[in-house]
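Per-chain numbering from 1; labels A, B and C assigned in written order.
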Amino acid sequence: MAMSNNARARILPGFGPTLGLTLAWLGFVVLIPVASLLLKGLAIGPAEFWSAVSGPRAVASYRVTLSSALAAATVNGVAGLLVAWMLVRWPFPGRRIVDALIDLPFALPAAVGGIALTAVFGPNGWIGSLAYPLGLRTAYSRIGLLLAMTFVGLPYVVRSVQPVLEDLDPEIEEAAFALGATRWQSFAHAVLPILTPALLSGFALALARGIGEYGAVIFISGNLPLETEVTSLVVTIKLDQYDYAGAAAVAIVMLAVALLLLLAVNLLQGRSRAYQAA
Amino acid sequence: MISKHRLVRAWSRTTPLVLATVLLAGPSAPAAAASEQKLLNASYDVSREFYKDLNASLIADWKAKNGTAIEIEQSHNGSSKQARAVIDGLEADVVTLNQVNDIGQLVKAGLVAPDWQKKFPYDASAYKSVTAFIVRKGNPKNIRDWQDLVRDDVKIALVNPKTGGNGRYTFLAAYGWALNEYGGDEAKAKEFVKKLYANVPVLDTGGRAATTTFAQRGIGDVLVTFEAEVYLVRQEFGADGYEVVVPSRTILADFPFAIIEPVVDKHGTRTLAEAYLRYIVSDEGQEIAAKNFYRPNSKAVAEKYAAQFAKVDLIDVQQLFGGWSKAQQTFFDDGGVFDQIYTLAK
Amino acid sequence: MTAARLLLTFVGLAWLALILLLPLLAIFAQALAKGWGAYIAAVTSSEALDAIRLTLLSALIAVPANLVFGLAAAWAITKFEFRGRTLLLALIDLPFSVSPVIGGLVFVLLYGAHGWLGPWLAAHDVQIIFAKPGIVLATIFVTLPFVVRELVPLMQVQTTAREEAAFSLGASGWQIFRHVTLPNVRWALLYGLILCTARAMGEFGAASVVAGSIRGRTVTLPLHVEIVFNEYDAVAAFACATLLTITALVTLVLKTVLDARERRTAHVELASGQLITAATPAGSRA
């Protein structure tokens, strides 16, 4: 594997310019601005940094944000795979319309998404008015938070899996099926491994988007301290107290978590590709 | 595997390209520096309707007196967010905010003269308002005063004191009322606000969001907000749906303004900026304020509109809490009283 | 079997209806609550038009910039193996995971009056924050990962055998990319561009931090939606929101039309027995 890659590196041209452009642009748009945040947050010294990031509200917000984002990404992983499969393999009337709709959460400003969700799931909304009498608080609660994060993360899994699935020959499953495997076995053993990198990538992006989401969340979560207050809001609150350094410190924690998550998933992806190649 | 110098070469080859792209995207031309005819007013969130009326009136007035046209641009956002934007370089000629503390931050940053309150009538305050209640038609929960808000059967819509000036006024009004009620017992006052905030199902980040939650989503039996907002809600969402209740004792909200010194010097807009702020406190400006349900500072105008505003006992922030910056520290900064009522509950 | 498929399709559609269709309908219902007259008035007000212009401008700069970046990054990442590749991918993803609040904050800390470059910029009378360049920068930041993210998973499962063959036949890097790689990834690329455009136009959080919300000057369409919503004009707010939705839907319909045409061509070739396997679609055609 490694050898063939080295061979590849020698064979194809364009490595220098493309990597250079990537690094330069990434540096200008992401790395230098993010470095200014690191400098700001770390300038206050470890003791103050620690007290800024370990306050009870900050810690509670990490728990709330991370658990909700994980749940939302899991929902999106399952539902997104199903939807991508439907769109690619099971033609049904109105498929193209559904396909077009998937990207809606991207196009909508997050705040509009939040307001629209609240209009549907709020106590006097279309769904809320049915759910509330059953004791299901679909807005201003953890459920509302979960709904908002699921909404903004929905396109990521579908759009990551869909192109790979479209490229995948249905004959692979057919062959496995013909060899006596059940539909589920042929899916699990022949198709799922190929989809895994894309699926993981979509899951990670949905997770990351959920962790960072602000606009959609503040309208529907209720923002109660310790219960439904997300970390983005904690950052905003610190800014409103003119505490730039404290805000930067909490932001650094968010950045670090996100970066670790993304690194882990990218490593996993690399491993699953190696497995496939073997 | 690639060698280090290959990386460096890649950088050096492509960085000029990136810079060229950036230059193409281009920094915008610096704001028209010499023009005296344009003013930017950075204001708090819910003052839009007032400044729409006021600007139109001033522009006409200026044209009649000086024969020249002027343009007034508006930027609206949370009061603290606006002060922060100005500190970070938003070139507003004047700020019109809803918290003295926010102007204090601008003084600290050297953008506003330390004696700003002495430069204009009424301590450089545009108008006043008080924190009041709005309840649903017929006041079904019979909410009359602050003590009704801690009843088990009452749910409240209000603004997060962490994110909105409106919310800070509400908190201090409730706390001040309780302090007075319990003869200055701080522990009891804390207990009171703790119970009150336990009745709040949604902490909205701004005044307008809280109103929407109450009026459109049907959350809560009572909305606590500025009296001026209360009248606006009746206008926008129908007067017969809601009633106003002014509690026995409440807080006087102040709406201070100031000139941003380096900006007016740079733009050469000092004369216009001063004329603008003076117009707010002129009788014409005060009349527009009263029509927008703000309590005017001008005695003459206040008398004319006296019937519109209920008389209430007022809490003095200076006397009771030692001024705004101290109140901010004690109650709203991290670990302050507002944090305690949530963290101690657990 | 068919029963399972029907059931799953139903579940999938019901889920989409709940989480996507209902909010979408809610937006249109609110936008048209006062009839078409109010709708038209809201989207043609001078402030709405200013906001539309600014939004289009920032998307017009951000999308091509990220297209070039995305192609270069995907090429470097998938065609070569080098140390730090995983870190690079994670860094490219970073703008996704960063809260938009932070996305705006980093630029304020860098270019703001008290930022690291603030004094220098002020001395040269260059305004980035609270002006159009700030909005463009924030937009580029937020949309940076889209093209890369669409290309990388696809290019990873494709082998480089064809590119290597072309190279051994004397093709230049650009020719290989243009005639071998691009045809294989063009649909993923198009997806990426569409998402990038849609996201660029819909960006709210980061833009609201760096824009300063000066009406008629630094208000983008999403910020305009928030402003009118805060003026209790829900009809106008949702009317402007539908513009963003409709733009997205139109681009997506265009995409599906193109897609259908592509498939027809593919079928013709399939019929004449020229197409290889679906795993490397379209081959070196075009």
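In this text, contacts are C-beta pairs under 8 Å (C-beta built on N, C-alpha and C of every residue); 3 or more make two chains touch, one makes a residue touch a chain.
These figures come from a predicted structure and were not determined experimentally.
Student: Work out which chains are contact partners of both chain A and chain C.
Tutor: B
Student: Could you quickly compare A-B and B-C and let me know which has more C-beta contacts?
Tutor: Higher contact count goes to A-B.
Student: I'd like the Å distance between the centres of chain A and chain C, where a centre is the mean of that chain's Cα atoms.
Tutor: Inter-chain centre distance comes to 15 Å.
Student: Please compute the C-alpha centroid of chain B, do the same for chain C, then give the distance between them in whole Å.
Tutor: 35
Student: Can you list every residue of chain B that touches 2 or more other chains, as numbers and ranges?
Tutor: Counting only residues that touch two or more other chains, chain B contributes 1-2, 209, 216.
Student: Give me the residue numbers in chain A that touch at least two other chains, ranges are fine.
Tutor: 6, 9, 15, 17, 19, 21, 23, 25, 119, 125, 236, 239
Student: Could you tell me which residues belong to chain C and also touch two or more other chains?
Tutor: Where chain C meets two or more other chains at a single residue, that happens at 65, 82, 115, 229.
Student: Would you tell me which residues of chain A are touching chain B in their complex?
Tutor: 6, 9, 15-17, 19-21, 23-25, 28, 52, 55-57, 118-119, 122-125, 139-140, 218-219, 222-226, 233, 236-243, 246
Student: Considering the complex alone, what residue numbers of chain B touch chain A?
Tutor: Checking each residue of chain B against chain A gives 1-2, 6-7, 9-15, 17-18, 22, 78, 80-81, 84, 105, 160, 162-163, 200-205, 209, 216-219, 328, 332-335, 339, 342-343, 346.
Student: Name, in rising order, each residue of chain C that touches chain A in their complex.
Tutor: 1, 5, 8-9, 11-13, 15-16, 18-24, 26-27, 30, 65, 68-69, 71-73, 75-77, 79-82, 86-102, 105-107, 109-110, 115-116, 137, 140-141, 144, 149-150, 152-154, 156-158, 160, 163-164, 167-168, 172-174, 176-177, 187-188, 191, 194-195, 198-199, 201-205, 221-222, 225-226, 229, 237-238, 241, 244-245, 247-249, 252-253, 255-256, 277-281
Student: Touching chain B in the complex: which residues of chain C?
Tutor: 61, 65, 82-83, 108, 111-115, 118, 122, 125-133, 136, 208, 212-217, 227, 229-232, 234
Student: Show me the residue ranges of chain B that touch chain C in the complex, using the header's touch definition.
Tutor: Touching chain C from chain B are residues 1-2, 21, 25-28, 30-31, 33, 40, 42, 45-46, 48-49, 73-77, 85, 87-91, 206, 208-209, 211-212, 216, 232, 236-237.
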